[in-house]
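Heads up, the next two complexes both have subunit A, just with different partners, subunit B and then subunit C.
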Partner chain A sequence: MAQDVRDDIRSFIAAKFPGMSFTDDEDIFALGFVNSLFAMELVMFIEKTFGTKIPNEELRLENFRTVVLMAELVQRRAEAAESGAVT
Partner chain B sequence: MTAGTRAAIPDLATIARFVDEEVAPYADEWERTEKIPAEVQGRLGELGLWGPFLPAESGGTGMDMVTLGRIHEEIGRGCSSVRSLLTVHTMVTATVQRWGSAEQGERWLPALAAGGTLGAFCLTEPEFSGSDATVAGTTAVAESDGWVLNGAKKWITGGQRAGVLLVFAETESGMSAFLVPADHPGVRVSPVSRVLGTAASMLAAIEFDHVRLGPDALVGPPGWAAGTVMTGALDLGRYSVASGSVGIIRAALDASAAYTSQRRAGGGLLRDQPQIRAKISEMVTARNAARLLCAEAGRLKDAGDPATIMATWVAKYFASTAAARAASDAVQIHGANGCGPDYPVARLYRDAKVMEIIEGSTQIQELTIADEAYREVAR
Partner chain C sequence: MTKVGVVGAGVMGTGVAQNLATSGHEVTLVDVDGATLSAALDRIGLECRMSRMLGGPELDADAVLARIGTGTELETLAESAVVIENITENWDLKARLYPRLDAACKDSTVFVVNTSAIPITKLAACTGRPDRVMGVHFMNPVPMKSACEFIPGYHTSEATKDTVRALLESMGKKPIPVNDASGFVSNRVLMLTVNEAAFLVHEGVADAATVDEVFRECFGHPMGPLETADLIGVDTILYSVEVLYEEFNDSKYRPCPLLKQMTAAGLHGRKSGKGFHSYSHA
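Then we have the complex of A and B:
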């Protein structure tokens, strides 16, 4: 699952910023092409694609810096849903 | 309706009748007096229009965004100032719903849904434009028992009557959003009058002088994520303004068709002149195209699709510029009558110009939409 999630996230970012090259563990914010508009799109993409709602406490820059970190966020949300912590 | 009770589901025919009978006939008077009567605020509450997208338990009806857009179009057809109040109120209400804590929701949402408490969106400052979204002027300093807010905001729609202010301020961790009761000690509200358009939207300048807030005033995450809170609210505001702009086009078309059907010149009715028919045709096409763009943006919102962000930019860009053209043409069609107070088109013209500035100016939209176009080409 983790690899599929990373693929989906990477594809979304790459489609938004063609010509930019980045690895899954590279800080996309440090590359300088992320603005608040894209951040909003990113949050909506993750919520829609992976059927989750990102709570306030998870909406931190640290969770969105890299593809790997975003995939881990998705994983945590899935585990929380399975455990019944979220509906 | 009282706070916490479920509103009836509003239907478009009822809203249209309300606009025809209780809004449009009075819009010029409200513009002159620079105020929307409190009774109208109450009527909007009775019709369930302040927060219909909220779930039933919060006083809404769970309305979809496409329908919400059509309602804001309908209200915008009658009076852009009323629609502006709905716009900012919607931005605040949706922010509390999406990002607010359970306690904030319980405290504010029922009153916001009923319209007993109006919300105002406080981003733009006297020295910092809303387009920049830099909030360096207003600060919120964390203290042991909460926050201390200092600064000033300007051009705040509905600020003269709002009960709760959604204020963006700079904190140690970056920009953050706060819910501030308008009657809180240290909050000073001053009317902004003699504005070009939407003159009845009760604009205000608001100063915050050592306003002490509890820790529960912070809404949504602080710092970086507050940009998402702001972007989400502005996206919804942009959608409402786009929909309201469709309403302006409709009003310009209705007025122009009626006027040219009875006004004679050169031995015949104005409606028979090819130049008039061209302008009428352009208005019809603009109305239909803008409405379709709004519907697409609304459909994507309902689907939770991130493409709605750009679709809304495009809808607002098209609808607001088309509204300005339609209103300008309507004034031209009316001739000298279009410049006076006896026909609604001068007000439409003033209001339409404002649509090209608020919730993302035409120039900001051109930068953003063109950026997307270049990305599409590069794929």
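Then we have the complex of A and C:
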């Protein structure tokens, strides 16, 4: 599952920035091609694609800096949903 | 706290409603389309949730949304002290709306025209209260911009100016007064720049990415003119250039055919997923 999640997130970002190359653990904000408008699109994409609502305490830039960190966030949300926590 | 009506739940109306509600005002957001209203509330909720992440203050999305009522009829604005109108930048649509607003609202209601190019005096003449009509050119994204053009019409009273100035200041905006002329200061210059940038693409002098690269890399602008067009909306750019052309009857404002074609094809920029650049979801 984790790999699929990473693939989905990477494809989403790559489609937005054709021609830019980045690895799964590179900080996409530090690379300079991600701005606040795109951060909002990322949150909307993740919530819609993976059927989760990211709680306020997880809405931190640190969770969206790399593909790996975003996939880990999705994983945490899935685990929270399974354990019956509020999604 | 002021009761403020907001007409039009597009990009600008949504931003204005959000800015008002986060500043503690009671907002009634009106649009002819219920789905547009619902999308606007979703957007405002998300923006509030993300505020801290994007370097803004921590906002309670539920509390902000609780201050926003919605409706599809102008009559829901009857008790508003101020109504801020943000419908499509098109003279015919605005000219048809104002007499209806005039009939729907109480006599004391002040109308704020949020426009990037239409003369305020001309729209005020569509109402029976030209002294209570004021122009404000908000910038996009509204909640993040700290200033706006502040444009009284010919008949706008001092009391109306004071009311609107106080409201803007409560929203964290610095009103910059300019006189009433089509396009005011900002868009007289900006729209021509974007239009000319579109001509460069249309004529094959440079592609959109290259035009923007020149402005970013050579001038140090944070965004090129065509990225700006995508943010504002390609359709809105076209309507604004058309307004300048109609008002001044000067051929320097003739709209680039590419803007017309993109508008007809639905390539409206960020809001539609594609404009001069692509924003489509994977």
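In the analysis below, the second predicted complex is superposed on the first by the 86 of 87 C-alpha atoms of A that agree within 3 Å, B and C clash if a C-alpha of one lies under 4 Å from a C-alpha of the other, contacts with A are read in each partner's own complex, and residues count from 1 in each chain.
As a convention for this text, a contact is a pair of C-beta atoms (placed from the backbone, for glycine too) under 8 Å apart; a residue touches a chain by one contact, two chains touch by 3 or more.
All of these numbers come straight from a predicted model, not from anything done at the bench.
Chemist: According to the stated criteria, A:A39 is in contact with first (subunit B), second (subunit C), both, or neither; which is it?
Modeler: Touch partners of A:A39: subunit B and subunit C.
Chemist: Should A:E26 be classified as contacting the first partner (subunit B), the second (subunit C), both, or neither?
Modeler: After superposing on A, A:E26 lies clear of both subunit B and subunit C.
Chemist: Considering only the touch criterion stated at the top, classify A:L59 as touching first (subunit B), second (subunit C), both, or neither.
Modeler: After superposing on A, A:L59 lies in contact with both subunit B and subunit C.
Chemist: Tell me the contact category for A:S11 with respect to subunit B and subunit C: first, second, both or neither.
Modeler: second
Chemist: Which residues of subunit A are in contact with subunit B in one complex and with subunit C in the other?
Modeler: Residues 15-16, 18, 36-37, 39-41, 43-45, 56, 59-61, which sit in both footprints.
Chemist: Show which residues of subunit A lie in contact with subunit B when the two form their complex.
Modeler: It comes out as residues 15-19, 36-37, 39-45, 47-48, 56-57, 59-61.
Chemist: Where on subunit C does subunit A make contact in their complex?
Modeler: Residue positions touching the partner: 46-47, 49-50, 52-55, 231, 270, 278-282.
Chemist: If we count contacts the way the header does, which residues on subunit A are in touch with subunit C in the complex?
Modeler: So the residues of subunit A in touch with subunit C come to 8, 11-12, 14-16, 18, 36-37, 39-41, 43-45, 56, 59-61.
Chemist: Tell me, which parts of subunit B touch subunit A in their complex?
Modeler: Touch residues, subunit B against subunit A: 99, 101, 133, 220-221, 223-225, 227-228, 230-232, 235, 303-306, 308-309, 368, 375, 378-379.
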